[in-house]
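There's a structure below that I have some questions on.
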Amino acid sequence: MTLFQFLATTAFYAAMLGILIAAALCVTVRNLFHSAVFLAFTLIGIAMLYFFLQAEFIAAMQILLYVGAIMTLIVFAVMLTSRMGNPAVPQSFKNKKIVFLPLGLVGFILISAILKTPWETSEPQTAVNAVTLGKALMNQYVFPFEVVSLVLLVALIGAIVIARSE
Amino acid sequence: MNCPYLQNMDQQSTLDTQRLEVSLGPQHPSTHGVFQMDVVLDGEQVIRLKPVMGYLHRNHEKLMENMSWLACMPYTDRLDYFCALANNFSYALAVEKLAGIEVPERAQYLRVIMAELTRLINHIVLVGFLLNDLGAFFTPVLYAFREREKLLDLFEDVTGSRMMCNYFRFGGVKRDVPPDFILRVREIVNQFPKFLDELEELLTHNEILLSRCQNVGILPKALAVNAGITGPVLRASGIPYDIRKIDKYSIYGRFKFRVPVGEAGDVYDRYYVRILEMRESLQILEQAINEIPDGEVISKAGAQAAKMPRTLKVPKGDAYGRTEAPKGELGFYLVSDGSGKPYRYHVRAPSFINLTVLEDMCIGQKVADVIIILGSIDIVLGEVDR
Amino acid sequence: MHIPIDHILVFTSILFLIGLYGALSRRNAVGILISIEIMLNAVNVNFIAFSRSFASSPESGQIFVMFAIVLAAATAAVGLAIVLNIYRNQKTIYTDEIHLLKW
Amino acid sequence: MLNTIDQIFIKAKQIILDILSPFLPEWMMILISIFIVIVTLCVFGPVVMMYLTLLERKFIGRMQNRYGPNRCGIFGLLQPLSDGIKMFTKEDIVPQKADPFAHFLGPITVIIPSLLVFSVIPFGRNMIPSDLSIGILFFFAVASTSTLWIFTAAWGSRNKFSLLGGMRAVAQMVSYEIPMLLSIVPALLVVGSFSTVAIVNAQEGLQWFVFTPWGLVGFILFFLTGVAEVNRCPFDLPEGESEIIAGFHTEYSGMKFALFYMAEYMNAFSVSALVTTVYLGGWQGPILPSWLWFFAKTFVLISIMMWFRGTFPRMRVDQLMGFAWRGLLPLAFINLLAAALWVHLSFPLNDILSFCILTVSVLMIYVANRKVAPKKRIYKYAYE
Amino acid sequence: MYGLGVLKGLWVTIKNFTLSYFTRKRLTTVQYPEERITLSEHARTFPILVYDESPDKLRCVACEICAKECPPKCISIVRAQDEAGKPLKQPKFFDIDYSVCMNCGICEEVCPFDSIYMDRQFELSAYERSEEFLYTKDRLAKSAEYFSKIRPETAKKVEEKRKAKEK
């Protein structure tokens, strides 16, 4: 176990921990704008994970699309729907304790299933770089690629029509 | 920001963006002095604008009521502190009309030369600051200041002080000009058009300036006339009203010069009409230098009044003297009860009256345009608040 | 850098649960949308983890993640447009106060 | 001889490593070599920023017929130092109404992307901090996050002017990001890989991309959108001084404002560095050492940005958007088409064809925007 | 053509930049403390009192015309008296409040005895406003040589007038 690998794994686990903390904060904090900022931190943390899992192109995509575009959308929505300087209204249901019951149940089942099954992991092949991704997109997945662009177009027009002020 | 005037606003009906009540000023970087505008914004669009003035009120008119006629003269420099000599000119005219003092030929020519040089200073400084509001990082202002320094040095030699000149006396001017005065004015007049061409090359056909200034802050002809607007703002809206041509006061009748007139009445017209006016002033200066006679600079009665101000007898009655100051029609309404002190002293300040149409021009424009519309009206707070 | 796969899976399930908790307990519609984004991201990490060590063609996982990101963008856009429209007419985006079918 | 000067920095690093190697264990050496690169970058960034501010003030000063700062130090060389001290000692006020978390977060998160971005820029022959296989994409991903951080800063300071500035910043950056990405794609198309080193190697000798027809249009597009992305002069709406005081960093003072100020200049440097890498052949150049070529080209581009700042007034928000959506975006798409054609055809035909496609498209865009373009006016005179 | 105006603007600024290294006309800064602009003959700042031989024998005869004519009323004069209480022809106190004076030069015009003139000294900063700017008689007094040094022509004219009057 050379130092390099030791450093990389500790960094990986540290990143995982950081993401969990940021996500937990994002979900519980009262001020909506703070939760949006913590969401941005979780997204960047996840992009770091992708770097560790040798999916560089996806990491760059994640930062570019998620943090660059979707976060801007969310922040604009937060700004438009909350009056500037309004008192922090309680963000969650009064009896939010009840939610923990189903969550605990689902969690227990899920994690116990994961830990029991014997995952025979084969050695990771060569890293996937943008060139192979591009070739796959254009040859094997060309149909879903076109359909997704159509879906995006429909979503774009839909969003404009709904949000347009008369 | 609780702007009292806007408190009774009805809550906005549809949400596009929250209505922002912003108060631009009194210490805002581009309101040319202490001037506040309470603006209601819908996003970037201006819905309502209320100018708030009076921060620089110095009780000018009441103060003059216990000053002798001559002692009022240095205070007129402080009205529109950019063009002190233009203020002196109309105050001197008003008192001379009241007291019936004649002005010798040479003094008339000196007065016209001084007034036109002040017009040059005022217009180039305005063009500079208008561009500064637009965002050009001080470059046009510093070119304008480079030229203005030459003129201010000339004023210092002639009148004694760069901006607070106090040079006019009833019946002429305070003292004769230094011998090389005509030479220096000729040199300025020859070199100024070159500077104007360079400034125009930098600005007039600049696409960003064109798109930012055209069709912005339009002042329709009818509104301009009804609101009593005067000066370049009125001429930019298409009405050729210039007091130098109408009253032909002092000796303006002898000079041949044209009056530029815009047609759209937007910020670009107000900017360009002032550049053309500068070129006309240069024509006047040209003719004035060639025809200036020699002779005494102040009439006998004037000199005696300047030496012993007590002896100046101003008969009972009232008079209204007005001149074409660089910002518009600057008028002095003086009432005298024969006691050596003005009984009533009122200043018709062009900037104050031009300011009344600010809201009409700004409704519907964007925040960035409000600043340049204010800049294009060319107000100086010393004159607005008096 | 060998990370056992089940560690990543446990991490993503916890992340998924946090997103679920947020979606269930939040009153604010935008808050719910934020939590859904977290859940989507948890799923994406799973894709990448699996594609790296199991898939015959390793890039299929990454392509799925790209499509997932694009679709998340589409849902976010339409979702926020709906939220904005509700806010305009109802002046509130607290989900428990939006109960009129027709206003 | 030339090669040693060319590789002087790498040799210096090697010498330091050789000195240290007997004393430290092997795994520590890897850390040290990475550490040296990081330290040079973190020192190089702020120093470049300090002397860029001085260069800008002197350059614009001379344009306005006056000296720039020349009181501290011989030619004002210590002026950035005194600015720095002033920034340190100034009291840093947090407005009472402001949201402390976002207000505190603003400057930190704005500075991180501008430093991260340096890791992908090839400063000289094999002098690149980290040769990522997705170099350019990493640059854009990190640069696009700055939109969000500028908005946190604006929203955090709870003041109407900074809110306006924040909204303008987001709108401007979003609408200029797309033409920026598209103006890079032709170069990637020709080179075939994202890594910046590959792009620079593809421009061997003097075959810089800027000399090809699509390269010239791409260069102009990328430079203009770069200036917009960095909020510098004709597009510096987010901190339009005359209208909204200082836009999103109105409520910041002291060291926080210094961070914003530093981020702006480092972004300007990194954008012009990327323009040189992609279109002006990075460190490719005849005789001089590679890093000298790189800094000369970047320096020329930065002085063009400063030249813009000394001359142009600011564009209004809607004109800014119109310029992006109606002018730059269609041109970027057509440029992509022309570059694709250029790649596939042989030498004489491809230049001619792509050249006429581009000129026709520029004329078409110009004609399409005619009614929007302002018209020149003639003025009448009364009292002839 | 659309982009031409913008390019011409750029041309003007770069022309100014290059020329500023060659012609002084394009680089107009005067480095103030080191280089100074020579003030002209009639430049005026604050009034001073002129004396011929010794500072306590001022030309001023305390006729108080300038105090009456001064617009902001910043001059205050108290006439001197000999022991018998008979008023003498010189001032006991002569104060000018420099912080009130607006250097308009009217006192210089109306003074029949050529005793009060406008100086050109403008670097008069002080730490304390009330006492420091109230210039008393001895701080105001300046010799006739100093006066003729700063304003040669007016000093010559005044000399001729005084000689003509003595004859």
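Note that the chains take the letters A, B, C, D and E in the order they are written out, and that residue 1 is the start of every chain.
FYI, a residue touches a chain if its C-beta (ideal position, glycine included) is under 8 Å from a C-beta of that chain, and two chains touch if they have at least 3 such contacts.
The chain lineup, named per UniProt: C = NADH-quinone oxidoreductase subunit K; D = NADH-quinone oxidoreductase subunit H; E = 4Fe-4S ferredoxin-type domain-containing protein.
Since the model is a prediction, treat every value here as computed from it, not as a measurement.
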Lowest number of touching-chain links that must be crossed from subunit A to subunit E: 2
Closest chain to the centre of mass proxy, which here is the mean CA position: D
Two chains sharing the most C-beta contacts: A-C
Reference subunit E; chain at largest CA-centroid distance: C
For subunit A paired with subunit B, centre-to-centre distance based on mean C-alpha positions, whole Å: 62
Averaged-CA centre spacing for the pair subunit E and subunit D, given as whole angstrom: 54
Separation of subunit A from subunit C, taking each centre as the mean of its C-alpha atoms, in whole Å: 7
Geometric centre distance via CA averages, subunit E-subunit B, whole Å: 28
Interface hub residues of subunit E, defined as touching at least two other chains: 2, 6, 9, 12-13, 16, 28
Where subunit B touches two or more other chains, by residue: 14-15, 139, 143, 146, 202, 205-210
Sequence positions of subunit C contacting 2 or more other chains: 87-88
Subunit A-touching residues of subunit C, taken from the complex the two chains share: 1-11, 13-15, 17-22, 24-28, 30-31, 33-35, 37-38, 41, 44-45, 48-49, 51-54, 57-60, 62-63, 65-67, 69-78, 80-85, 87-88, 93-94, 96
Contact set on subunit A toward subunit C in their complex: 5, 8-9, 12-13, 16, 19-20, 23-24, 26-28, 32, 35-36, 39, 42-43, 46, 49-50, 52-55, 57-58, 61-62, 65-66, 69-70, 73-74, 76-78, 80-81, 89-93, 96, 99-100, 102-103, 106-107, 110-111, 114-115, 119, 121-126, 128, 132-133, 136-137, 140-141, 144, 148, 151-152, 154-156, 158-160, 162-163, 165
Partner subunit D, residues of subunit B touching it in the complex: 1, 20, 22, 28-30, 41, 44, 131-139, 142-143, 146, 202, 205-212, 214, 240, 242, 245, 257-264, 268-269, 272-273, 276, 366-369, 371
Subunit D partner contacts - residues on subunit A that touch it in the complex: 2-4, 31, 33-34, 37, 40, 44, 47, 56-57, 59-61, 63-64, 67-69, 71-72, 75-76, 79, 84-85, 129-131
Residue ranges of subunit E in contact with subunit B within the complex: 2-6, 8-9, 11-13, 16, 28, 37, 39-44, 68-71, 102-106, 109-110, 112, 118
